[in-house]
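In the two complexes below, chain A is the common chain; its partner is chain B in one and chain C in the other.
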Partner chain A sequence: MTRPSFGPERTPDTRGTDDAGERVLATLRQNTAEVVPELDLALFTPDRTLSELGCNSIDRADIVTMTMEALGIVVPVHEFHQGLDIGTLVEIMRKQL
Partner chain B sequence: MSPAPRIAVTGLGVLCSVGDGVTEFAESLRAGRSGLSAPGPTPASGPAPTPGPAFTASLRDFALDRSLDALPQLPAALRDLALRTARRSPLPVQAAVTVALQAWGQAGLHEAAEARERTGVVVAGSNLTERYTENSRARAAPNPAYLPARYALHHQDTDHVATLSRVLGITGEGFTVGGASASGNVGLVNGARMLAVGAADVCLVVGALSDLSELQTRGFLTLGAMAVAGAGDEDDPAERPAAPFDIRHRGFHPGQGAACLVLETEDSALRRGAAVLGRLAGHAIALDGNHLAAPSADGEARAMRGALAAAGLAPREVAYVSAHGTGSPLGDATETAALRDVFGAAGGGPWVNATKGLTGHCLAAAGVVEAVAVMLQIQGGFVHPNPGLDKPADSGCRFSGTAAAPAGIAFALSNGFGFGGINTSVALAHPDA
Partner chain C sequence: MNDAGDNRGSFGIEAMDVYGGSASISAQALFAGRGLDPQRFDNVVLNRRAVALPFEDPVTHAVNAARPLLDRIPQRDRNRIELLVTTTESGIDYSKSVSTYVHEHLGLGRNCRLLEMKQACYSATGALQLAVGHLAAGISPGAKALIISTDISLADERAQYAEPATGTGAVALLVGDRPRVLAVDLGAFGLYSFETLDSARPLPDLDIADADRSLLAYLECLSHSFADYRTRVEGADFATTFDQLALHTPFSGMVRAGHRRLMRELYATSPKDIQNDYERRVEPSLTYPGEVGNLFSGSLYLALASLIDHAPLEGPARVGLFSYGSGCSSEFFSGVVGPDSAAEVGRAGIKERLANRAELTFAEYTELLSHTLGCLRPVSDRTVDPAGYGRYLDRVVDRPKMLALTGVEGYHRHYEWI
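For the complex of A and B:
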């Protein structure tokens, strides 16, 4: 018996799973928890955006800046734009390591 | 044109070295408890150690969540919103949120279904973020890219207004006003005017906490306005700081503090059934035409007479004057001269005390902190003592002594004078007066 389909199969999101990516992801997650402690971090997955988690524009900018500072990298501000999911944010920052 | 509405006070909030909330602050006033202490030597930053302030009155272990948890009537949703909004804000904004929520609760506004577009907010104070900027500059020094994005919001004084409007849902008018050390009274005047012209029914006036930067502190010390360490009394633990108006006075002692008054038209208070704690009966601002730190007895007397005239009062009806009284020898002498001018040189004039002897000089917030102190003394029927006022430099005023004195206060004046000749006075009244 085939399982009923509820839509396209979701490919597992593997971004951020190498060592460098893991480090960026962990730092981003830690800073998200620091900036907005009331968020449910179980929802912190690469396919979601920080906005979907409940971060406002200033929270998001702070989280990114704090993460760059912690990792000792600088990403030009114009590379970040609204609507990037967490996996894409990790990718952008991982390239600077 | 309809007559100007009478302005009621329906809520009070305060956070300073001797009180988080009006209950603790009232106890401190009655006991004459001072929050001043010697901060100890400052780290040497140059070839020779440079003395810092002799005494300071800093907040004791303030934490926004603890202060909010101490408000039993605060709805959980409002507490959560306040924390979510201001958790990462600079200290002055967190202090503003704390005192505003205290006053908001006392006024019963958390339960009121009043139109929030008929509620305004005035924040008293300018240059409130210098310390935040100083700290942020240090953080951004290794790489400017690491300056937190929220700096763009938090470095502006109006962040106070915006944060309060967000937390309290205020959608009427809102702005900041400045008047140096008279900012608090300038805030009260502008809040009262907002109601008087019909732009709002309720207005929160918040005196913002002055969290001085190293540079601001040094400026006041260099000018000789702030009492500097190493000139005597703080080296001896048995010594107390000199009170304002005492012969030992030699400058102001900085204090951290914020406060809030909810001003409301009497009609609005009646309509909601809100308890009226007192009234703002009159007020005046008078400039000296002078840009220096050079007080003028004439300007100060004009401000007091202006407030009395606006309130329809004769000097003899004033039971109590909350002096500006910073502890500056010239400032204190000028104010006592102005008091004699307005109230006469004979005995039997109003009681005079200086709340800065307990709280330190809260600078931008001072006028609002002291208006709260006046309201609490009106309510409690006493004038607070002047600890450390052993020998008045001028015996021409009826200073309160070392213990609180019972006093039935129908009307009081509260003075605030700022650098650059900004003279202000507000008349506060007992609710039954």
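For the complex of A and C:
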């Protein structure tokens, strides 16, 4: 699994920019808005984590579960862990499409 | 259906009791003391959590849960306990089981099997199902099993939001052929297990947990263990087969997420209907977990006791139960409760004993934590003086006699009734 590197000199994050990635990203974004309606979606960018956006662990599980259901995929549990940024979440889901 | 005189051929829980600590701290005090954001626990049932005193360990918890239960049953029933299992993720020795000390201090007969079982929070359910299967095989008619789940919290500020939700204590279940508390539906179960590292206790004083992986594993296991249940039980329907539900309750948000997922996945139920169903079928199970905190493998049975003490039980009611243990192994099973269950569990006076615990301030709690976090660390010799904590015990209302650890000598633990 690729992990993003954090830091000021980070190169632009281009993950999730092909069609499949866009579809996952859009579904994830839509479910995030549904689970946490008060969220500022301008903050929904690949380099941020859902926690940074204000989602608690239950919100995150709901968002991920609803996204998997909507896309008709199952991501093995071991692929998930705390602190994944949105770009990485999209990557691990896109692999299952 | 589960009347004591008319349940031939059924097996399950005859009596139960809970030890939810002698001291507790309010979630509010702990949130304030740690500077946690109270908004984070919106809609979560969490009032207080149990706190261990420095002379308590998995042995004393187990004995202090089972002693009042054994005192309520006739001697002839105590004599038929042929299997004692302690289930714990708070072991005190790689070889010698917690059950050996528990057997001694409960004064059980010597013609008895002693075991300790471990599979995180699933182990009590594993033990219950194996015991029920063993008893139902009929090879020792009238025999009883005593299963005691017992655990110690290692949560401190490193656990962040898990700290206010992590409890300490034990649940004792007497299992036999007069299941006044819960008649287990024989053969009605569903299993789902696979290897993952979502939470673990790799050292005697270290818990590790990945909240996201753990929650997703719990949800996947609930969904798949119920699917397996459906393959074994013709016509089983999550929404209509079970009058009540009791789920492993690390904190109530996880239970809410699990219930919501199944209702959405199986029936595409609307959020409003999910909420109504949750209030009716799930919330009665959450009161005691919200007073004690996560009881590890005892958690499901603390939820069951809560359900029996709080749900209206005017006739037989089927309960769906879900047990999950990190690592992971899980089971969805069912059983029947009724007015007799309410009478039997009511005799334990769980609500009153929880209310009678000593209330701690945040400063007292952190001071105690410095003595209790090393509880499971092996040491060959040490002395513990329970009298040194009299100021806490004096606050317990109507305190029953309790077993206390008084020291360790050559790795041998010594206990006294205080």
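Criterion: the second predicted complex is superposed on the first by the 87 of 97 C-alpha atoms of A that agree within 3 Å, B and C clash if a C-alpha of one lies under 4 Å from a C-alpha of the other, contacts with A are read in each partner's own complex, and residues count from 1 in each chain.
Following the convention adopted for this analysis, contacts are C-beta pairs under 8 Å (C-beta built on N, C-alpha and C of every residue); 3 or more make two chains touch, one makes a residue touch a chain.
Remember, predicted model here, so these are calculated numbers, not experimental data.
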Room on chain A for both chain B and chain C (clash or fit): clash
Contacts of A:61 with chain B and chain C, given as first, second, both or neither: both
First (chain B), second (chain C), both or neither touched by A:80: second
Partner chain in contact with A:35 - chain B first, chain C second, else both or neither: first
Chain A residues contacted in one complex by chain B, in the other by chain C: 58, 61-62, 64-65, 69
In the complex with chain A, residue positions of chain B that touch it: 80, 84, 87-88, 143, 145-150, 153
Touching residues (chain side chain C, partner chain A) in the complex: 40, 194, 196-198, 210-213, 215-217, 219-220, 253-254, 256-257, 260-261, 265
Of all residues in chain A, those that touch chain C in their complex: 56-58, 60-62, 64-65, 69, 77-78, 80-82, 84
List of chain A residues in touch with chain B within their complex: 35-38, 58, 61-62, 64-66, 68-69, 74
